[in-house]
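Each of the two complexes below includes chain A, the first together with chain B, the second together with chain C.
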Partner chain A sequence: MSKSAATALELGLVNCHDCHLLVELEQARRHPHCPRCGAHLHARKPNSLARTWALVWAAIIFIVPANVLPMTVTTTLGAKQADTIMSGVIYFMQSGSWEIAAVIFIASVFVPFAKLCILIFLLCSVQFRWGWRPKDRTSLYRLTELVGRWSMVDIYVVTILVALVKLGAVAAIEAGPAAVYFAAVVVTTMFAAESFDPRLIWDVLEEDV
Partner chain B sequence: MTDRSQVERQAAEPVVQAKRRFSIVWIVPLVALAIGGWLAFKAIREKGPTITITFATADGLEAGKTKIKFKDVEIGQVETISLQDDASKVVVTAKMVKGSEPFLTDQTKFWVVRPRISGGSVTGLGTVLSGSYIGIDGSKQGAPTLSFTGLEVPPVVSFDHPGRYFQIVADTLGSLDVGSPVYYRQIQVGQVVSYSFNKEGTGVDIKIFIDAPHYTKVTENTRFWNASGFDVSLTAQGLKVDTQSVVSILNGGIAFDLAKELGPGVEAKENEFFYLYPDRNATQEKRYTIRNYYVLLFDESVRGLNVGAPLEMYGIKMGEVVDLKLEFDVDRKKFTVPVTVAMEPERVSSSKKQEALKIIENDPGVFITSLVEQQGLRAQLQSANLLTGQMMINLVFVPDAPKATLTSRNGLTVVPTIPGSFERLQEGLSKIIANLEKVKFDQIGGELQQTLKETKTTVAEIGGLAKKLNSETAPKLQATLAELQKTLVELQKGMGKDSPLNYNATKAVEELSLTLRSLRELLTTLDNQPQSLIFGKEKKSGE
Partner chain C sequence: MSAKHLQCESSPESRIDTRSVSEPERVATTHSGASTLIACHDCDLLHRLPERKTGLLLCSRCGAVLRRQKPDTVERSLAWTTAALILFILSNSFPFLAMKTGGLVQETTLLTGIRELWKQELHGLAILVLLTCVLVPLAQMLGLLYILVPLHFHRRPVPYAGRIYRLVQEVAPWGMMEVFMMGILVALVKLGHMATIVPGISVFSFGALIFVMAAAFSSLDPILLWDRLDLRR
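Let's turn to the complex of A and B:
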């Protein structure tokens, strides 16, 4: 695989991230700016592993209050009810709305956790130089990047509900503290996915050979 | 460009060390850690105790939703609801907020607040919409604990409510219930808090709570009575209905007041015992502390006399019958009915009451002896109610009663009795009957028959006489009458208008009249001139 094609790094070339101009590595080291568009040039995302780890850790921390604290506080005829993400899923499941329960579960529980797991797995694989199925790992990364932003669905639902259901004493919905942490989880995982450089997966293979 | 590169190629390559600079991006997880740590710290710091409460049912309770409220402030939330192992109770696990520990003692009460409608009030109406919650009445007094037994009914009085508890002892509960009002002069001042059987099961202990400041009205001389329902009495003054309030009719109630004639006395202490009288009148009756017991021996039927029947003197109640039974006197071979009566001398008013009471209390024997032996005090059975046949005992003074002396029987003085009014009537009747029995009715009958026989013959003789009279005497009588008529006709002719007899008679009467006139003149003259009898009539000068 490595013998069939040379990588840009091997040839001493760097691809500008913004305008995709090929720049020589030597030049890039001295002048870490794209001569054409002025963007920062680097052969690999700088400090990628450390940044991704940091963001992943932040997301891991944030995901705890996001799931433990109430997401919405519903007041119906004087009865206050605080729902966490999971209790909302259970509520919809018990009330027979399987579809809604599934959507919320996938968007708000499954996806963030899956994303974090994938990121951790990818980070570990690079850190400990695993050579296991690099192609699949790359597609996992793509999946993570693609699906990440959809986790915000839950936040959108909450904001819309809060705005819509303002019927005074009869019914009112307020966003719970978990909304903030949940949004933080989504954002940090998105940044983590962004800061992870999938080329590192392949670099490990190149270096090993 | 090439020159520069050549130069550089000649120059030593600087060692470019990977910067071990602390990446700014690690601030993100640090911030996250700080927030997470703070949240965790807060959660741990604010974590209150977890308690378990057992209830009979979990009606209206929901895990994760039902709140625990103390004075309507949320201090906890139900976490789980599960059945006890033997499924006899429901165990509710609840998380309390930090700071609620001081109130979680074995005195603390938990109950489920639901809408409740009882006779007098509607409570928990707010929970119709908002759902039930668990109410708590925290008390700092008591040993700290984390497992509680929930009450099925909310406590009537909370711990911090100022007031005082009292114990009421009653024979039966009547229509009282928890929450039944307690009235003082028809103003509600408290309520029934709880009730239970007493230890022996012979009565009911009722716990009441009197609000501050009214509990000062409860003193050692206070009498409590059952004000449930209403009393209807039909008296000579008309129909009288007595009640405390409409609520007490529905829900029962207790009223209290000072016993009349007694001062307020010392204020009652917490949890002091009082007796619950059945009604207000009963409170007046039972305030007599002196009760003297006497035995009355009756030889007659006491049918209609019951325990509790009144003992009266001059129509005023003096006491009541406390016991009666039939006894067989082996020695005399005779049945008697000893009736034990309780006399309450305090009922009697007297100008020197205290003095009299002292005498009675100290030596009741002397008093009754003088009454019985000197004034002829006797007990007598009397009908109290002609319709129902109830009997009562009347104390009467019979001055001409046969002399009696007081005896003692089982330590009680025996007051002599006289037969009751009915009994006396019966006695009188039997006396009459006995006398009647003495009459020889057969002899009288025989004589009467003889007389009748003789009368019959007499009547027959009279009949014969009449016949004879009819046949013989009547025709003769008729003839006589005819002759008499003839005579009368002749007599009429002789004495008729133109008859000589009539004429002569008229003449004679005229003569007599003239003579009488002369006589009157003579008398007048004699009256005026008596001397004329001797000297003759004087001529008047004018003549």
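Let's turn to the complex of A and C:
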């Protein structure tokens, strides 16, 4: 890392999170609101690590019932059938529509787990002050921000199925308890990604040089 | 789309040297509206804004997009946002899927799906879907129109314009229409085994809406907008 390049903080400037105005650190301390857009000013996101850890743990707790409990309950001619996320994927694989199986598996199983793993890895890397490939870790962070939303697909599918399939005794689909937990996983991981500050990755490098 | 090809990574010289920033430059940055310096939001590295009218400016250290400049940014985003609003109204007024089994036809619009979730006592879920697919996109479109129309006619920024633009930026991650579109497609194939599914007008307007919204947001230049919406002027 070349020593000549400077960050905003090194020069005593705070970058407004919302409008990217650079404000003097002194002024930001006295009056912690951006003079241009009114947003709360902070050099780094407040309590970034603690908040992100808390949200990650919450998501880890929610992800268990989300995968174990049924997502949908289908009633066809009096017979009830409960489907979890994985049993839905397996059903589609066996019935030949592997595209749908792949979409559901990636969006509902792979993405939430991968996102949690990446966030834990990033948190550890900052906490234990690793200097390993900061650019790639920043890209990983941007990736989690980008793909997290796609986990909502299953929630929307359930919404549509519930609205569409209600033919009384012939066939009806109801949302199962896992839907709520799954939505909670998506929401908490999105907040977790939002509360993590990627600048911490780079701060560690500068302090250790 | 042509601006994509103008992609040019900021040259190493545009990075700020600790010793090279003069005090007047620092003062000018923090006290005037039009700043010459920009800090990367992902790694905090300072850059000097080049005197270029169009193109993509990337952080030289972490690769984050610092600025995307296009010609006529206000007019372009105004046009795309207006188109998006029309498509949004269409998408919410017509059913997006109809299911035929025997003599029965069951149609669904976005709002009936949400009402059905609410009836099943899944209030949180219903609110989440309502927020992410209806309220957030609607708020974004109306907010942008409110800011862009007066700017287009060269009027003074409307009251609370800065605050509203800040809100539009902050809710952006929660607008998930493109994910909902994916949900429609999955549901379409899923139910295809059980019954005849007829896609409605909404599916097509929704599909178009996603691209129009994406175009509206990618044609915005937040740095230019913030310069013009400055609260202090």
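Simple rule for what comes next: the second predicted complex is superposed on the first by the 207 of 209 C-alpha atoms of A that agree within 3 Å, B and C clash if a C-alpha of one lies under 4 Å from a C-alpha of the other, contacts with A are read in each partner's own complex, and residues count from 1 in each chain.
Definition applied: a contact is a pair of C-beta atoms (placed from the backbone, for glycine too) under 8 Å apart; a residue touches a chain by one contact, two chains touch by 3 or more.
Given the structure is predicted, the values throughout are model-derived calculations rather than measurements.
In the three-chain model built by superposing on chain A, chain B and chain C fit together without any clash. In the superposition on chain A, A:V103 contacts chain C only, with no contact to chain B. In the overlay built on the shared chain, the residue A:P65 is in contact with chain B alone; chain C does not reach it. Legend: residue contacts after superposition of the two complexes on their common chain; A:T188 is shown touching chain B, with no touch to chain C. Once the two complexes are laid over each other on the shared chain, residue contacts for A:L9 go to chain C alone; chain B is not touched. Comparing chain C and chain B on the residues of chain A they touch gives the larger count to C. Superposition on the common chain A brings chain B within a closest Cα-Cα distance of 13 Å of chain C.
Those residues of chain B whose C-beta lies close enough to touch chain A in the complex are 16, 23, 25-26, 28-29, 31-33, 35-36, 39, 64-65, 126, 129-131.
Taken in their complex, chain A has these residues touching chain B: 29, 47, 50-51, 54-55, 57-59, 61-62, 64-65, 69, 77-79, 81, 87, 181, 184, 188, 191, 195. Listed in rising order, the residues of chain C touching chain A in the complex are 15-19, 21, 26, 29-30, 33, 35, 37-39, 41-46, 61-64, 97, 99, 101, 104, 106, 108, 112-117, 120, 122, 124-125, 128-129, 132-133, 162-163, 165-166, 169-170, 173-174, 176, 179-180, 182-184, 186-187, 189-191, 193-194, 222-223, 226, 229-232.
Within the complex, the chain A residues that touch chain C are 4-11, 13, 15, 17-24, 27, 35-39, 92, 95, 97, 99-100, 103-104, 107, 134-135, 138-139, 141-142, 145, 149-150, 152-157, 159-167, 170-171, 174-175, 179-180, 183, 187, 190, 194, 198-199, 201-203.
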